[in-house]
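For reference, the structure I am asking about is given below.
A, B, C, D and E are the chain letters, set down in written order, and residue numbers restart from 1 in every chain.
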């Protein structure tokens, strides 16, 4: 087990969790190839197969982040090589806008990343997962639940010295 | 990856050369040996040297004259079908040979070391000093013969007899000292 | 009088516009008054909280609750009215989605207090006085309701039967709801009173296939009155907003703001706007994409103008990434990692 | 009004001594071309090939100090080096620091000891020849030519380090210096050994090795009928020029091929005085070769374009392909 | 509805492949705790017939309504288990595969605990997704019996003949004026030294005269639409400037044509042709074409010599390109290869040193009908070489150019060595890295060459130069290499150098793969559906690949693959109809507001905007199910079948089973009927 505390103390004993959206034709096959080639990578990625990165609905990304993922990795065919011609360009645009929006909400843009790997690029797939894991590890846990849903809305009273009443 | 102390020379040389890990993919095709301008003077071609290295014949590698005849032309590097940074690997092997004190002809290492000595002392290289000092120590006879050349060079203003020195030498010294410390630590 | 079903109207964090909107049902209000026993509405009636507390649980037939939940008092009243009401309606945009009060979720309490009481250019407060929840004075302890860090919607604190979105809701939907209650034909709980299509459905403008290469701010161009505003590069949330308003804003040359919230089945309206708008950008490289997106400042503000509190992420993070301040985060224009670009 | 271009400049040790002719001619030509070079303050030696052979990390750090100082000078991001060895070391350090993260952090750690840092890739390291050809351009150079170099046959000699490893130019058979010489009006020989090694530091440590390499170059240039060799690297110039007589002695040959810097030939073509171009500091005098300038090659005018031999097979076209 | 589902979970050991790393029993036991899971088992080989029967029995006996198999990649066995479900009466689209081999056990071999935890997540995700799956019926469509074959080299020729001989129509499209491809350029084929033309010409003739083959040469496929069984293709027939109904192929035109140009295609740059030309005497069809770029009339409006001399008035200078749109059921791509451009490696001097030749130039030289009438001569066209060097691996096995082995060059080099020996007295030197002569009888040929006295130098040639170092090198080409068996640098002076340039994908292969909707490797070779088990089909159903466009191979391999492609096509035609995956987008027209965001996004133009209803509609026949419009729809009224919004949202929840916050603050509007 990798000790992620070395990257960020907040990890404690847990590992980063990354939800992956892999297109059926290129990157999912690249992940398969990484498997058949026994290219090891961190066990941080939990992937979902979609037919094309064009199917990527930003709702899914936000859902993953709010349900406990620390990052989302979207991978498709290289630009210009999309099985559906240009679905990956749509993903590229959506991810760009999503990252801008998320950064306004205090979510570091690097938590949502886009990568490309052709079916033959098992090694690029592995490298991408490794790099993403390292980035997320350094950022620390997202802890959406703790951060965004202050379970008790009651905060401690504001410090008294702020006020010079009367 | 095992710790340095447990690694053989092959692994050390690869680890200490940026991009050096590609050496493991050497096809032994001989493009490097065929391309090398000074290959005729080497006891092993670069290809053979790598074969010795990967076979663990460290002594033969460290004592080989091959890296010392490398002229740094990079032909081998750009032609290598496996993208192996051969020139840089030659440097790394030289470093290892110096560290092990096993290099082939002390004069070659001595030249590099005199050069570096001037750089470390002045921050600039000093051709006149280098040529005279090095040749007096190692090739006194050729020094006599080349005296004429040195004289014409000087006459044409192409040799400075006093070295140039940079202003902030302490800064350079500090940087080099720290770099050496990191290098030892890594090794 | 005691036989009539009881009607309550309450405002939590809101502007009062929802109360005015109820008046917009005009003479229908007489039927309402006739049918209901109008027992509680702090805006116009002098009924006390203790009067409500005195009621039996479930004694109120319908409570129309507007406003978001952002103070202890809001929560107490929401819980109280929930207990006393058979039907609790989240009335208006604040109660359903958070609306403008919900924009406070882009900040935290401290930032809010500092800005409102100290830093705002129109404020004169040399001593830096900010309200406290409790303070000891000669006469005893004075209290104010606790002010929350995060604005919530009504259904995030208590169960809600119906939603009536809109800022404010249109009269016809208020009528529809009231009539349904009076007729005893209640829709299934969870129903959003409105249409299940989007504003585009009601919008008379002519639409074409979309390609956006520049977003214009309203002051930058004079839009063609007959053509879809989005087609002209003006931000319009109508594509992802529940219909029901009759496309009011677009019909006066202003892009839809999105006050009716996402339409049926959509969980996060902002995410859908991101998806739809990004999809039709006329750019195929990270650089070109960035160039177009630079013309859309404050995307989160556009996409979550009404729905931030009810959106999936709900608010900005309280703990910033790597100790960076939130302000720094917002200023940074994220770009694709160049390594991942190709 | 012509554009004037400003660059950050790293002269290197040789330009102040063995290659002062390169320095002088470059300065003279720069004025003509509107190039302004701002020298890095307090630069140090690039370490040549020697430092890398003994201790790699200090060697990279040595070079990185120059890169860091160059950034501090707040001038152009284009850092120009006229010496091929300096150019290689600066470029390689810059590239490797970008490419290899460990190296980058180690070098920066070392720099920090001197209060410096360098962000890999912040500079664009360029060779003087590249600046002259790519930024000024052959067309503009042509307008400056007042004394075309017709009548002199030159062998363009690039040496190793200006094209290797990986510079964007063809690593085996570059042609940009050839094109520059054609622009100046010179007769350019197709010099097959144009990127072969001049012997480098071997002149100092193994004469036999070095002189053989020099001999091959001189032999080849002479076989192709070159009157002069034109070069762009102080080391190449030094080895071919200063050791030519040594080579003659060792091999019993009789070469008298002057070796000039391309900036010197540019200066001549621009009509500048020989004095301003450092001419005369070469060991093999360039006088006889330069005297040919302006003469008409009779043999060439006599030759008529050959008709294609009916039996001969066509040669592959070089219009496309070739360079990647 | 999902509450009542009964889900069966099956964890495969895959022998040691999964069980060696993942605690399969533990995962199976754990899965029982997942909601709706009524059966959870582990088994040695789920894909075995016993494993499949296990599922079938449970469906029948336990009334499973969803099945999850955690095993290998769905690309491997999804069809297998869908079949098992189908046989047991469960709609196959209610099956979900959890990939715990490629995505877990094989990539986390060093950490069994992490692999097991990840496997749990994958299974949990699959179970969650399975809960939301909906039964689907595949589309069925009849198959058009006509097949399009693209490329008229030996692979395409063979494919076309196999299909045509079985009684079905074939349209064979070839870019050049004649079919024949590279094989038509060769003189001999290895290792038998058969005459290439002698074995190819009869096949070309058959193609030209086959009643079932419609031959379109000098043509290119410009556009492909549709799907398996029902493609619509748009073919551009370039203007030949010849009326083929009138032309008799007599040759008067090209004999009279004054415009001579180097023929870079058929003669590989070693010979000339005229502007109006027939590539070679055995060309099929026999009609010439006018190359308008070199024709004097097209350049300056004068000449018309061919027109004057044509006995049948077949020259038509005003002919225009013709566009043919037709429908086909299957497509076979056999587009062949380009030769590596040796000019990219200047160290070998090609283009600069006259007597450096490429392999294809040498093929033409040794061809009896080639520019030298089969004589081996230097570039001057007169001198016979006394020594020849053959350099292997030019642009092959080299990361600077093409990193793959070009497969045929060793054998071709041996063939060349033999031909040089046969035709001259020259010494022959082969410079090689490894001799690769694997297929049947090839090694024998290698042995024969050794006996013939060819020199073999093990070392990749470093450079070819004319810079002589010694008197004996003057006037020669010197090949410099390390003889790695000796460990010394050698310089061999020779008269002629042959560069064994490798095969590389056609320059436009990326573009073509895009046009046909199939994948392409980084190098540019078309991707097969499975490298071992299905090297013929592509990811796009109904499109097959044959010959070198799939990867370097020799003639027998190309012929075999052509025949294999034909048999795949025939088996589809024989079936009569195709089943198409029902993964499609669907617009709920009642709820569509007609915002038109989706209209422009579909790469297949499958979305129509119905002006009268002001709604958009997906044409399911054109839709390929990518889901771009589904994700983009701002009002979420488009859903993607099988990859529905709910199924993916649910899978996310499942995957994050261990890190999810408790469901309490789930923000959802309940989906209800509007008032």
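Keep in mind that, in the parts below, a residue touches a chain if its C-beta (ideal position, glycine included) is under 8 Å from a C-beta of that chain, and two chains touch if they have at least 3 such contacts.
Here the structure is a predicted model, which means the values were calculated and not measured.
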item: Neighbouring chains shared between chain B and chain E, ordered by label; value: D
item: Farthest-lying chain, centroid of Cα atoms versus that of chain A; value: D
item: Between B-D and C-E, the pair with more C-beta contacts; value: B-D
item: Cα-centroid distance, chain A relative to chain E, in whole angstrom; value: 34
item: Between chain B and chain C, centroid-to-centroid distance (C-alpha), Å; value: 71
item: Averaged-CA centre spacing for the pair chain D and chain A, given as whole angstrom; value: 49
item: Rounded Å distance between chain A and chain C, as computed from the means of their C-alpha atoms; value: 29
item: Where chain B touches two or more other chains, by residue; value: 40, 75, 78
item: Residue numbers of chain A (touch at least two other chains); value: 57, 59, 63, 86, 90, 94, 144, 149
item: Shared-contact residues (touching 2 or more other chains) in chain D; value: 172
item: Pairwise chain contacts, counting only pairs that touch as defined; value: A-C, A-E, B-D, B-E, C-E, D-E
item: Chain E-touching residues of chain A, taken from the complex the two chains share; value: 1, 14-15, 17, 19, 25-26, 28-29, 31-32, 34-36, 38-41, 43, 46-52, 54-57, 59-60, 63-64, 67-69, 80-81, 83-87, 90, 94, 118-121, 126, 144-145, 149
item: Chain A-touching residues of chain E, taken from the complex the two chains share; value: 73-75, 99, 101-104, 106-111, 113-115, 117-118, 121-122, 125, 510, 514, 517, 519-522, 527, 539, 583, 601, 603, 624-628, 630-632, 640, 643, 645, 648-649, 651-653, 655-656, 659-661, 665
item: Interfacial residue positions of chain E with respect to chain C in the complex; value: 591-597, 599-601, 609, 614, 628, 631-637, 649, 665, 667-675
item: Chain A-facing residues of chain C, complex; value: 72, 75, 106, 109-110, 113, 127-135, 137, 146, 148-150, 152, 267-268, 270-272, 274-275, 277-279, 281, 283-286, 289-290, 293, 296, 298-301, 303, 311-322, 326, 329-330, 332-334, 336-337, 339-340, 342
item: Complex interface listing, chain E residues touching chain D; value: 262, 264, 269-272, 341, 343-347, 350-352, 354, 358, 365, 371-372, 377, 379-382, 465-469
